[in-house]
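Below you'll find the structures, each written out as structure tokens.
In the two complexes that follow, subunit A is the common piece, with subunit B as its partner first and subunit C second.
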Partner chain A sequence: MSEPLLKVDDLRVEFDTRHGRVTALDGVSFDLMPAETLGIVGESGCGKSITALSLMGLIPSPPGHVTGGRIEFEGNDIAAMTKRRQRQMRGHDIAMIFQEPMTSLNPVFTIGDQIAEAILLHQDVSRGEARNRSIELLKTVGMPEAERRARAFPHELSGGMRQRVMIAMAISCRPRILIADEPTTALDVTVQAQIFELMRGIQEEFGVAIMLITHDMGAIAEMADRVAVMYAGRIIEEGDADEILDNPLHPYTRGLIGCIPLLGKEARDDGRPPKLAEIPGVVPPLHLLGQGCSFADRCPLVHDRCHREKPLLTGSTHCVACHATQMEAA
Partner chain B sequence: MSASTKPLLEVRDLAVRFELPKAGLFAPKRHFHAVRGVSFAVPQGRTLGIVGESGSGKTTTAMAAIRLRPADGGQVLLDGRDILKLTQDELRRARRDFQIVFQDPYSSLNPRERVGSIVREPLDLMKVGEPGEERNERVRELFSLVGLRDDQIALFPHQFSGGQRQRVSIARALATNPRLVVCDEPVSALDVAIQAQILNLLRRLQDELGLSYLFISHDLGVVQFICDEIAVMYLGRIVEYAPRADLFRTPRHPYTASLLAAAPSLSRRKSAGYRRVSAVRGDPPSPFNIPPGCAFASRCPNAQTRCREEEPVLRQFGEGRVACHFPLD
Partner chain C sequence: MSVQETRRAIKPVSPLREAAQMFCRNRPAIFGTVLLSLIVAAVFYGTFISGADPYEIVWAPQAFPGEAENIPLGTDYMGRDILTGLLKGGGPTIAVGLSAALITVVIGISVGAMAGYFGGWADNALMRFTEFFQVLPALLFAMVLVTLFSPTLTTIAIAIGIVSWPQTARLTRAEFLRIRNLEYVTAARAVGAGNNRIIWRVILPNALPPLIVSATLTIGVAILFEAGLSFLGLGDPNTMSWGLMIGANRSYLLDAWWPVTFPGLAIFLTVLAVSLIGDGLNDAFNPKLRQR
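So, the complex of A and B:
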């Protein structure tokens, strides 16, 4: 097996809030292999975006603090690098696209200029060359009439086209890793399909590793090789995408898969699809997390130990952090 | 469609247009036709879904149908009475019968008002029941109906999660015992686990109270779960209208087929080599400048010359109706 491209080990992030200091990421560890897609899935507030932001060094401080853990890129500890090298790496080797393409583009510059800016920042090329390359990139991401559109401002483009611009910018420096934080959530389904297709194409062409952050299990099925499921700042299950989708072990993952109204679920006698599975309650606020398992209050398999002790992520290929499942397996 | 049940709400040939800024001081007025010739019926105790992407006119259609915005043509018959012709006084009284749940549970509840009085307000406005204890009793009843606790009545909206706020919204909509509830993307702002709770709640309430829903959504999974019949809208027109099972089994319009192909599913696996065959290219044309002929022609994989010249009308095909010159078998 090849070496991981990115190795995240025991990452901890805390935030100062009016309820005191809360733990947003509590010992998150995962590897990202070259050219694979790792899906990170969970509900809002589970820490998936914080994970991405901390890889990019974008945790706002204050109020955020990275209080522990180690991130290695190609075997080198990021924290030990010079600030200059860190900046170079972020943007050049690791690029990110965000959920809302309108707010991540500058409204007063043309999109051609904005892509050229990213190229000029990281590569030693002339202005004219950068401009030509930005048009090439717009063609790569499937922008019709690329020369003309390069002179357009963000508000003149549709949401799907803006997201293509963001992707063009992200791949402008041939990154090794592309972090996509809910890249299609703000888009219509037919446009979503086009963006996913584009990301798959780019992955095959450039061999980029993708970290796809999403709450959509359908997107996971279609895009991911491996999946990490997050809940309240921890990874609670991790494994191959097929394993997680077909044989989820953690009660939370099972609930999450059961509660989506997906196409093609069997209809009952009266012709209506069956009632959806429900996960009772809501995700607990971070300042109320106790010492036990954070899912304990919503869990159908809860027992005493769950309230006392946090379960650890165990297993070799399909890992799960759940006392009940672990006892059953033992 | 199903002749056995008489429709509660019948919309005929509804049109909504927006005035555009004039090109010059003396230039003629220009209009943007957001909804054109839309007709549908919601049978008693059933759910009609309107699906479409952003800009398709689905929300505008619903808003015009319950007179939350003016319509520019057509009829909206609730129990045979045309809502569009009611005077303000009559309309206020008629509003007991049709209520709405909005998409965003954050902006649709007054942050300065306690949730109990939010739910009570329609009762006060429409003078339902005796003021005082009778109305308070009704509020408690509504809270338990939607799965909230009595001791939450005196709280403010910010003390609730998104899913609970949507329950408050639903309680408010049900306060006057309406017969029709318009649900405008009621779950799309919620997390998946919470979506399931609200969808199950809506279905239970329909079974218990015999409600009829006009359900607006862009999510076909959600629509399949809750709707009996579905109208698919594209750029202000209905392009396909069919019972649920038929629409999902055999979509007739290429646009419906492409929506279904793009909808989330767990069976399309990367590991199995699944690749999207995305037949639909590009974005919808600008609604301000709809080309002649079929509005979908520029993105349609089956488009022919006729599609670019002649606008198809909605006609009977199979179990449903479709507006396409070359419907799919």
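So, the complex of A and C:
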């Protein structure tokens, strides 16, 4: 196996809130291999976006603080780099696309200008050359009439088109890693499929590693090679996407997979479609996390130990952090 | 609709061009623009084309308007032609207004942008500094500054700029506080833009509309300030300006109203024109407010 492109080790991020300091990321570790797609999945507020932002060094501070852990890019500790080098890495080595294509483009500049700006930030080319490349990039991401659309302003484009612009901007400097933070959540289902198609095409063409952050197990099934399931700031299950989808070990993951509506599922006795499963309760507020497993209050398999002791992530290829399944295996 | 027509219909329109179209449909704003153009044209004529000397005594003192030929607006207490004074005096007045507004905008935007963008202790320090200027009565402070340094057009413009920038700074800060947390700023940071680029190229262009409006209105306020200072006798005595004309003739107001009234009217019309333009810009940039 080759060296990981990105190695995250025991990352801790804390936030100052009205309730005192809370832990948003609690010892998150994972590797990202070259040209693979890692899915990070979980409910809102579980730390997915904070993970992405901390990789980019974009945690708003204050109130956020990275209080521990290491992030290595190609073997180099990011925290040890100069601010200048860190800034160069953003966009050049690691690029990011955001959840809301409606608001992530600057409304007062044309999209061609914005892509050209991104190119000029990292590459030593003339303005004209950057403009030509921005049109090429728009063609690459499947923008019809790219020359004309380059002169359009963001508000003149649909959500799917804007997300294509964001992708064009993200790949403008051929990054090694593309972080996609819920790239299709704000889009129609049909457009969603097109964007995923585009991302796969780009991965094939440029060999970029994708970190796909989503709450949608369907997106994971479609895109991811490996999956890390997050809950309340921790990774609770990690492994190959197929393995996790077929054989989820953590009760939370099972719950998430149960939430996918499936057309093929057997109908109920009275002929109505199968009832959609749900996970009772909500993610606990971060300031109320106790010493035990953070999922204990919602877990169907809960027992005494879960309230006393945090389960650790164990296993070699398919890892899980759950007392119940670990006891079962032992 | 043919393909050609469809293309024209969805031709990209920049937000600025849209605002310009909105402005052109606003009658008071157009009136203000026309009025200001006429004033500027007249002042331009007086300053660069007409050879008349505003200090020259052309007739008996305090001649009533139209009393003598070629003196349609009468003469002042020394027998100087008021019309010539108006045409010559407008230049310095408008120049002071413009440069004071420019100083206001430059200081205000710099301070406000730093405070709003960096926040924390920088914000605290800069805002306390701003408040220090805000709590001083503006006219009094400007008078002190002008008397400390000799009253020339330059020092007057600087003094007016120094007393008026805090508002612009506060406005800029508020806009920066609002915009810096928007997603496109994070996105700009994610492509590797540094602080400088984000402040000037990402946030400032989006903060401009209210700042343009405020800068326009500042021009009017600065003209009034200059008039006020001159009225109090703190103007530049060697440069004919509308304020100076009012100041010099104010003691004789009860004997002759016209030497004071006409420059006053000129100031009124100029400030009115500038304000109408400012309001028009405000409406153009905030179309939703038009439906009030």
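Operating definition for what follows: the second predicted complex is superposed on the first by the 330 of 330 C-alpha atoms of A that agree within 3 Å, B and C clash if a C-alpha of one lies under 4 Å from a C-alpha of the other, contacts with A are read in each partner's own complex, and residues count from 1 in each chain.
Keep in mind that, in the parts below, a residue touches a chain if its C-beta (ideal position, glycine included) is under 8 Å from a C-beta of that chain, and two chains touch if they have at least 3 such contacts.
Model, not experiment: these values are computed from the prediction.
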Clash or fit (per the criteria above) of subunit B with subunit C on subunit A: fit
First (subunit B), second (subunit C), both or neither touched by A:108: second
First (subunit B), second (subunit C), both or neither touched by A:131: neither
Touched partner set for A:226, first subunit B, second subunit C, both or neither: neither
Subunit B versus subunit C as contact partner of A:156, first or second or both or neither: second
Subunit A: partner with more touched residues, subunit B or subunit C: B
First (subunit B), second (subunit C), both or neither touched by A:121: second
Which of subunit B and subunit C A:92 touches, first, second, both or neither: second
Degrees between the directions from subunit A toward subunit B and toward subunit C, using C-alpha centres, nearest 10: 80
Which of subunit B and subunit C A:166 touches, first, second, both or neither: second
Distance of closest approach, subunit C and subunit B, by C-alpha atoms in Å: 9
Interfacial residue positions of subunit A with respect to subunit B in the complex: 37, 43-44, 144, 158, 160-161, 188-194, 196-197, 200, 215-219, 221-225, 240-242, 245, 255-265, 267, 271, 273, 275-280, 282-283
Complex contact set, residues of subunit C against subunit A: 7, 10, 12-16, 120, 182-184, 186-194, 197, 201-202, 205-206
Contact set on subunit B toward subunit A in their complex: 53-54, 161, 163-164, 191-197, 199-200, 203, 218-222, 224-225, 244-245, 248, 258-271, 274-276, 278, 280-283
Subunit C-touching residues of subunit A, taken from the complex the two chains share: 56, 58, 62, 87-92, 95-96, 98, 100, 103-110, 117-118, 121-122, 148, 151-153, 156, 166, 169-170, 172
